[in-house]
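For clarity, chains are labelled A, B and C in written order, and residue numbers in each chain start from 1.
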Amino acid sequence: MQYPDFLALFGFGPQGWGAALLRGAGVTVLLALCGYALGTMLGGLAAWAKLSGRPVARAIASTYTTVLRGIPDLLVIYLFYFGGSQALTWLMGQLGRQGFVDLPGFVAGALAIGIVSGAQHTEVYRGAFRAVSTGEIEAGRAVGMSRTTLARRIVLPLVLRHALPGMGNVWQLTLKESALVSVTGVVELLRTAQIGSGSTGRPFDFFLAAALLYLGIASVSGVVFHRAEARTQRGQRR
Amino acid sequence: MTDIAVRTQGLRKSFGSHEVLKGIDIEARKGEVIAVLGSSGSGKSTMLRCINMLETPSAGEIQVGDTVLRVVPDRHKGTRPADPRLTREVRARVGMVFQSFNLWSHRTILENVMEAPIHVQRRPVAEVQGEAMALLEKVGIAEKCHAYPMQLSGGQQQRAAIARALAQRPEVMLFDEPTSALDPELVGEVLRVMRALADEGRTMLVVTHEMGFARDVSNRVVFLHQGVIDCQGTPEELFGGRGSERFTQFVNA
Amino acid sequence: MDVAFLWQALLTLLPGVPLTLLLASLSVLLGFLIAAPVAAMRLWGPRWLRVLGSGYVFAFRSTPLLVQIFLIYYGLGQLESVRHSFLWPVLREPFWCAIIALSLNTGAYGSEILRGGFLSVPHGQIEAARAAGMAGWTTFRRVTFPLAIRQALPGYGNELVLMVKSTSLASIITLLEITGLAARLISETYRVIEVFVVAGLIYLALNFVLTTCVALMDRRLTAHLRPVNTPSMPGDPA
């Protein structure tokens, strides 16, 4: 049986899938970045709601985090993918445009990932805020800082320092969740591997290659976060 | 221009149903060094923290220099400062030194000292930096200016905290048990700095357990007991036996 | 609110619960059987075993579960040696492939939890056992292991909840657990939101039950850490 040369299969020549896989990896990273960005915003909002003490805000935020942490990510993706198209079609119908409107898989996927990672971010920020020493905040108040100055110069930098490790974790999770978006047809890394394996009949090679690429992205991300953490930990007793 | 540096009138503070301060009238003139003594629960720290409104009094008013701070009722918290902006303005004129130093851990010592003058008082950076370095020299830790707080000993951190308060060019300095969290051998270096400040003629209110400091450095001793001023007077008077029965018991404990 | 449909959806999805639970519990069990030796390898093994263990954990924690599932379900079929082996009847079944992938995955995470549990046992208590004359194995059995397990319980309970969520990925390789049934129902009826809500509620209910059980077990096992209120007997001096 012909076993095509590994290099030919994954190289960058006309028969090679190397370029496609790298493109897929690029889409994966882009997808994860979009979802992660959405997640930081939602997480910040929900953490603020939980910490604010206002009962209604707290209840909404708590429901959000409990629900999103208790149901499978795949379900959320299905909701946004199938449901999103329906909602968009209805919306467009209201605005006069007839016919089925498809919500792009990328958008649905990014939204879904964003909503899920938002719940994870909430807990990270909440824990980080609690960990900030109240004494340092008090000293800020004592020198006459306004709430905004206090938040900007003291609270936020300190919260960030405590939040960074958790945020790194959430990024790694988001990266892995992006693989689920392949069910919507978006041509990210896993989908590319599926297409390749279907086309060449070599699933093991392709999924192994995909796994290695995910490993690579995860490792590089890990180093980046490690560096960032080291910077914020300057002068701290470890 | 008043001669009064700090004054409280009818100061009351309750935490929930527990009344900690039951009406404190205290006054400090410019240049006075007042030692505030009392056992735990007497309310001495609370009183100090009411002066710069870190705790909002339940009743009464605070005067710093010519400015009077009042409280108004609040639906959720009982009372709140009548004028938050004025409160912050007063805080910038009052230097506070905490028991646990409370230096900002994400900034170097020099950055800590420069933070309030630049970001609250909005003074020019070059001027602030020069003054900050001079202050660090004065408290004896100039060489640590680029270190981070956690890299310093407790005594060094507290001296840095004092420099930070001094950088605000305060009219009054509040010390909340400044040496209580220090190892015994580090207490001396902080007391020395405080003594130098007193000799300069700074107005200082010092809540402390250091009897030596109260006796030798302060102009007046105020003894709090269960939320009221039990007795006050010069150190000679109180330590000489002319204080109240309770005070003598407290000192000899 | 179409209650009739919600009820129908519930009846359609509930049959997926046994499979979900089976996948989750079997994987966690097998995963524990993998995690314990791997943790031991990484804690006390010679260098090459430590590297092996760390490599396994790194690989399975840094790549998406879906990739791992595809590798095993589709990928293994590519290899001739596998197709001709006695294991093939097992390895071509989606159910067993899912179990293998899930077990390997939770094995990696579980070994980290167990490792953390062992590392957190206060050294002083081990020393006390030695000082009392306990032999090495007895110390392990009576002191180290029980303490480590108690420390690892909350983390492992969380892992169990995550596993229940992860079983949803089995739907992608044709298994009809809750999510699989939900996806089929959505494609048949296009009632995305209702199906999502019902499926989500089922998962939330499962997680609630699981979390409660784990919490109860945790309470019983950590009674030694809580202060005891001894009521005074009549006749005791005040």
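Operating definition for what follows: a residue touches a chain if its C-beta (ideal position, glycine included) is under 8 Å from a C-beta of that chain, and two chains touch if they have at least 3 such contacts.
Everything numeric here is computed off the predicted structure, so don't read it as measured data.
J.: Taking chains as nodes and touches as edges, what kind of graph is this: line, ring, star, complete or other?
T.: Drawn as a graph, the chains make an open path, so a line.
J.: Name the two chains that are joined by the greatest number of C-beta pairs in contact.
T.: Comparing chain pairs, contacts are most numerous for A-C.
J.: Taking each chain's centre as the average of its Cα atoms, which chain lies closest to the overall Cα centroid?
T.: Of all chains shown, the one whose C-alpha centre lies nearest the global C-alpha mean is A.
J.: Approximately how many whole Å separate the CA-defined centres of subunit A and subunit C?
T.: Taking the average C-alpha coordinate of subunit A and of subunit C, the gap between them is 23 Å.
J.: Using CA atom averages as chain centres, what separation in Å is found between subunit A and subunit B?
T.: Chain centroid spacing, subunit A to subunit B, equals 47 Å.
J.: How many angstrom between the C-alpha centroids of subunit C and subunit B?
T.: 54
J.: List the residues on subunit B that touch subunit A in their complex, please.
T.: 52, 54, 88-94, 96, 98, 100-106, 108, 115-116, 119-120, 147-151, 164, 168
J.: Under the touch definition given earlier, write down the residues of subunit A that touch subunit B in their complex.
T.: Contacts found on subunit A: 133, 135-136, 138-146, 149, 153-154, 157-158, 161, 232, 234-237.
J.: What does subunit C use to touch subunit A in their complex?
T.: 58-59, 62-68, 70-71, 74-80, 161, 165-169, 171-172, 179, 182-183, 186, 190, 192-193, 196, 199-200, 203-204, 207-208
J.: Looking at the complex, which residues from subunit A come into contact with subunit C?
T.: 1, 66-67, 70-75, 78-79, 82-83, 86, 172, 175-180, 182-183, 190, 193-194, 197, 201-205, 207-208, 210-211, 214-215, 218-219
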